[in-house]
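Two complexes follow with chain A in common, the first pairing it with chain B and the second with chain C.
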Partner chain A sequence: MQPKQSIAATDKDVKIVSLISVGKHPQSGRVRRADQDSRAVELGMKLLDTGDSTRGDSLVVLHAGDPKEPGLRGYAGMGLNSVRVLELDPAADAVAPLGEYLQQFAPDIVLTGVRAEGGESSGMVPYQLAEKLGWPIVPRVADIISVEAGVAEVLQALPRGQRRSLKIRLPFIASIDSAAQDARQSAYGPASRAMMDIEVVDSSTDQLRESWSEAPAKKRPKRLKVIKAKTAAERFKAATAKSQGEGGKVMQNESAAEQAQAIFDLLLEEGVLR
Partner chain B sequence: MIFEWLHPFLIVTALVLMVIGAVRRVNLWRAGQSDQIDLIAGLMAMPGRYLHDLHDIVERDKYMSKTHAATGGGFVLSAVLIILVHLLGIDSQILAWALMASLALMFVGALFVFKRRLNPPSRISKGPWMRLPKSLLAFAGAFFVLTLPAAGVLPEGTGGVLLTLVLTGLIIWGMGELFFGMTWGGPMKHAFAGALHLAFHRRQDRFGAGRSTGLKPVDLSLAHEVGGVLGVAKPTDFKWNQLLGFDACVQCGKCEAVCPAFAAGQPLNPKKLIQDMVVGLAGGTDANYAGSAYPGKDVGNAKGGPNQIITEGLLDPETLWSCTTCRACVEECPMMIEHVDAIVDMRRYLTMEKGQTPNKGAEVLDNIIATDNPNGYAPASRTNWAADQNLPLMRDVKEAQVLFWVSDGAFDMRSQRILRAFVKLMKAANVDFAVLGDEELDCGDVARRLGDDATFQSLATRNLAVLSQYKFSKIVTTDPHAYHCLRNEYNDFGSDALNGVEVLHHTSFLNELVQQGSLKLNNFTGGKVTYHDPCYLGRYNGEYEAPRELLRSMGIEIAEMERSGFRSRCCGGGGGAPITDIPGERRIADMRMEDVNTTGAELVAVGCQQCTAMLEGVVEPRPQVKDIAEILVDQLAEELH
Partner chain C sequence: MTDQNSFDVLRRDPRAERIIRNRLHPLHDTYINTGAGGELTEVRGPSGLLRKNPHNVGFIGPNGIKRIDRLKGNAAASGKGRRSSAAQETLLPLHQVENPDFYVVVVPDMVGGRLTGQDKDVIGQAHKLAAGIEGNGAVLAVCFGQSKEEHFDTAGVDRLLLLDDEGYEGYCPEQRLAALVQVESAYKPPFWLFPDSVDGGSDLGSRLAARIGERPAAQAWQVNNQTSICRGAAGTIDITRTTPRLLLLAQECADQIDETRHEALPVELGSVPTVIAKLQDQGQVAVDPNAISLAEAEFILAAGNGIHNWDQFHTAASVLGATEGASRVAVDDGFMPRVRQVGATGTWVTARVYLAVGISGAIQHMQGIGQCDKVIAINTDAGCDMVKRAALSTIGDSQEILDELMKLVQQFRTQQSEGGDQDAA
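For the complex of A and B:
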């Protein structure tokens, strides 16, 4: 284990921002709190709940769009006093104003969903924000175990219930996986009472997007896996084992330069770099 | 007598203290929220309500009703005469004799109270209540002797110092219990609070053969007020007359004896719940409670006050979530206390303010909000069950004699068998009917019982908006919960969609068809049959006869369970109980199946898909479970053409 680096003193207050979007129920198409985003809020609330009242940690739940959007109330009902809204045309590009806001506000951790439940749903927002802010991004986070001395211990969700533990220096962006803890119940009273803390911001319309038409997503057909197992045990293994990527190699003992060269070669080969 | 002045002085003291106590008690009630009640009309109606409505319930226990009439009647009469004879000193032998007669009546009554308390059943509270018969005897006995001189039986001034002292002691004891204790929180409080509770009852329409079982809607505008609270958080959030109602409890435990959750060992005892509400409204602890505890919980740890959050110290939320809203307690309560309303009021706070609906509650409510059905199925798949049924849609026909309210049973494969059976019967009888198809939404029953009145109100208003577009003279449903909502709870939303519409349960409707001869039935030969009354059909809506008549029309002689009709035991499926799923020692459905088994029936007929699901969930071997529609459809005589 490496010694802990002390970037910030342990007692520094942690500022968390959870980004929320307007969700869409998969069966009814009705507006709701988005599943992953509400898990991001849940995680933020959980981190604040240290039981230590002398700490001044804070959580800002942030949305860019229409403050009158009823879908936002679902988040407020989790017990938020207010939701901060950067008011802009919902069709406008949210990344630029969000980036500027975050740059100014300078939080330690930004939590988002992996992707939105409507609109482009490209999952690009966390990456674009990370690029803009120059921060690391940890995708598909299941939990944040601790934030200590400027370093967060993060559990990343891997397929089939596996977890990878990472240590990340603050500040960073994490996209929250569906494996993270369920969001707490949203209650009608607090949902109706919460304040929308509005800030009007400049935004530019997303020209490209205007020309698109939206249609419900269809599940891509899955390639049938032909299983040649003969016994029940083999079938079980085939159904549960993690599929091993083919090709590739594991480089553990090589020097950093060799490892970097291998990555570079692969990227060239795949046409990512030209 | 030696101290001429002593007894009038004591009587005055007791009466003054009683009045002071009364003012204090009234102020405790007045700390509750206001409620629209006509005070004068209530007071005028009170004696009638006592003699009819309350007495009808007490009358179910003949011993107690006679005992109470003698003791209570004797006491009220004696109290008036004591004031005339001993306080105002009216010198009349007739009055004195009348007083002695009423005291004798009270004394005899008290002896019977005493006798019942010699070996009391576990449901009744002990503690101060064990003292009450003795206090009654002391009061009646002492005043009897004291009245002898006034009646001319004994010469004035009989008895020495000793007798006077003994009598004085007994009088202080008797009046302490009966006058002072009445308003200062003793067992006799029930007379004072009970009388006023009858006058100012929260459900005025319960009286005079009325039936009021629908919950009252929450004022949702409170959700937009800073500091507003939805539902009941603190005792003072109850309406004042609800607080008064809690105070009327006599701790007879009739509610405890019938409560299915209590019997299942879940942490609920309706009697203790009401007593905890009393602790809450008056402030203090439950240390003096002398009845059965909530199963699995000790007495003595509950603390509360008028302005303290009930679920933080006074009640465990699990107690509230154990209730199946079966209303068995309400039906039995001689003081006509409304347990279920209080429970749902407190659930409303937990769900709508705290977001603490336990177990599957939050998920089910989320589903209902997002898809208008509790399992989160696509709203557009609501009519899939009837793909082969060729049902006329209201959207197309606009008008039909009967609107068939399908309910969420549409999504459940077992319930679909009931729906199909009912459709087949309607077709056989050539009923002109139509369904709403995908325009129908969940009726809101589950949301409401789980405390989410906002969602209930949203569903109700949207359902009413759909209904108001079409013309029909009857709504029929196979689901007693939907039936109850449509019939009793949709009236509060200012819609005329159901004006002049008859809302019927399918058993009532089918019974009409059979009685008219529109359905021909063969005799049933499948063995012994018993019938399980669904709570929401029976106790909530008073329909006990139609299902039985239907069964009889197939030649079935019903092997009744001991607990049937208004005493039916719940299946455990109501009030969202299977969703909140509070652990107990037994399952309510298992206990109900034991009731069925003791009749030796091979088939239990039900009239509710929820009951069907609960009873069929009991492990085999057990009797078969069928909805009456399913039994009928099998006996349908084929028309020969």
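For the complex of A and C:
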């Protein structure tokens, strides 16, 4: 069912930048390649795999932070020759240097994850970059179907397994949803061989964040069904009464056609018929 | 004790009972002779005989059946009281805000044109924040697209800005953002609240945050006017921070409004400039409904023991574009695979529309559909539990009704595609 991706042969060389961050396993807390970010890298690699060797398409995998992070090697093991790192203090704000880099490099497509697996994980980085660069952003992309004549067709993941098709002019930023294709396996050999292409940039520390305090997540209390009864009789009724639906409409003597019409109208009103 | 409670509680009037028992009491006639319509039940006929009007005896019970009181009127008073309690609508006190000093703005998701549970939580949070600021605050809800919601008032919306022009239909975050920026300059709200959800709240909130240069609190779940606690690092840490102006709120962040009614007065926004959209919505793509997991499917057609023509059922599901579900009996009998079973020992579904065909509604099955919004039942038995749960029930043979339904849908589809062709031409 998966349509094959394509970059139209007539299109000029496409430059893709995939932003990566250091992930954390949700259960063990072990450092790893972040799930959504690696899906983004996968999507970038797949897009460029056109089988046409004359094309000069390029994928740059970019990280802003500490180049010695072991988590970065996980991405390199997917078969990358090098990982570009803008070296800065991990506590520093990464948006400004990333924005400057992207402005200079001028890629056509920037891929990110929806939310990071560490830190604030507010998912604001792609939005801030988009605002800074003045580019459009498509959140929660499941797939990029084609890039043709400067316009990309992307599939956006909607809740409940639905997909929406969008057309968007290059350059743009896309955050990749967990519904995108799984990342390929990471191999140890290529991971350790890959080059870390480091560039030291200066950055300002994140002032606001220093005033925050962090603690392991507390279990949130479940909301209880509170019965606000004023009298004993009401409390008794609330405790014993069988919960009754709002008493829907019952069609008993109508013909099958009328009944079907009523169901059809309701389905249409709810917008589930497409 | 309020007036309204006296209807719900059985209150005996010993004096009335005593008079009713005593036929010689001077007031006996006035007590005993008021029947259902307040007319006399016993009158002296022209010949002096006592005539009874049987139609005026008794009263209509709470479930619509006529009850004759054999207790000689002893419980008559209570009967009347109960009757009125069924018709009693509780009217919540109205919370009014005249000339608000400030507005706390909420942008609900309005999935399917209605407020979601999370939207209502966020509105509840907005009222809490408004109460923490000096002065008269109103909660302004900015809703995009067609609205089917009828209960903005009880959800806690003081002012309603409904933007349902054509320009806001579909996926148009850039246009919506332009409207929000307009709201920002018109109202300068102390707080912007968005549900942090995949239904669009998080997207729109992040866009506005980037545009107005706020650093939002994402996945905030405990918020007051000074500090907020947010989930960070993919839900593994809690970050305590000062409350920013723009909040993306998690589910169940605050209690919903349930004790007051609000005005939901419509407000107008000056004209919003039309942005040239860089994103073009091409509409939703058809996905194979059976490839979606049952738990997250939006529209389920479920089969039970009342299905006899299984080929027809499968065609119906594909025609309607519904995900297939089944009751345990259908699965045990081998007509459906186990993964399709809905219920306690199957999948707990969250469908917005659940069409149950020939399912009686055993409790084990009902547990599985507890979160469904609209249940439609097709069943031959009008007394079964599924019919009691359903918003719409049709009593009849499943095969006939499904046949008719398929015809209607096919008609609709052909009309739609013809209409589409004309548009294209």
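Criterion: the second predicted complex is superposed on the first by the 205 of 274 C-alpha atoms of A that agree within 3 Å, B and C clash if a C-alpha of one lies under 4 Å from a C-alpha of the other, contacts with A are read in each partner's own complex, and residues count from 1 in each chain.
Here is the rule we use: a contact is a pair of C-beta atoms (placed from the backbone, for glycine too) under 8 Å apart; a residue touches a chain by one contact, two chains touch by 3 or more.
Every value quoted in this text rests on a predicted model; they were computed, and no experiment measured them.
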The answer to whether chain B or chain C touches more of chain A is C
Pick one for A:T240: touches chain B only (first), chain C only (second), both, or neither.
neither
Between chain B and chain C, whom does A:Q104 touch in the aligned arrangement: first, second, both, or neither?
neither
Considering only touches as defined above, state whether A:Q207 meets chain B (first), chain C (second), both or neither.
neither
Quick one: is A:Q261 in contact with chain B, with chain C, with both, or with neither? Answer first, second, both or neither.
second
Touching partner for A:E117 - first (chain B), second (chain C), both, neither
second
Quick check for you: in the superposed arrangement, does A:T54 touch first (chain B), second (chain C), both or neither?
neither
Which stretch or stretches of chain A touch chain C in the complex?
1, 24, 26, 29, 115-124, 127-128, 130-131, 136-140, 153, 155-156, 158-169, 172, 208, 211-218, 220, 223, 228, 230-231, 233-234, 244-246, 248-252, 254, 256-257, 259-264, 266-274
Which of the residues in chain C come into contact with chain A in the complex?
5, 8-10, 112-113, 148, 171, 174, 198-199, 202-203, 206-207, 209-211, 215-219, 221, 230-242, 248, 252, 255, 258-259, 278-288, 291-293, 296-299, 320-322, 352-353, 355, 374-376, 378, 382, 387-397, 400-405, 407-409, 412
Touching chain B in the complex, chain A uses residues 25, 27-28, 30, 32, 77-79, 184-193
Any idea which chain B residues touch chain A in the complex?
220, 222-226, 228-230, 351-357, 361-362, 365-366, 369-372, 376-379, 452, 454-455
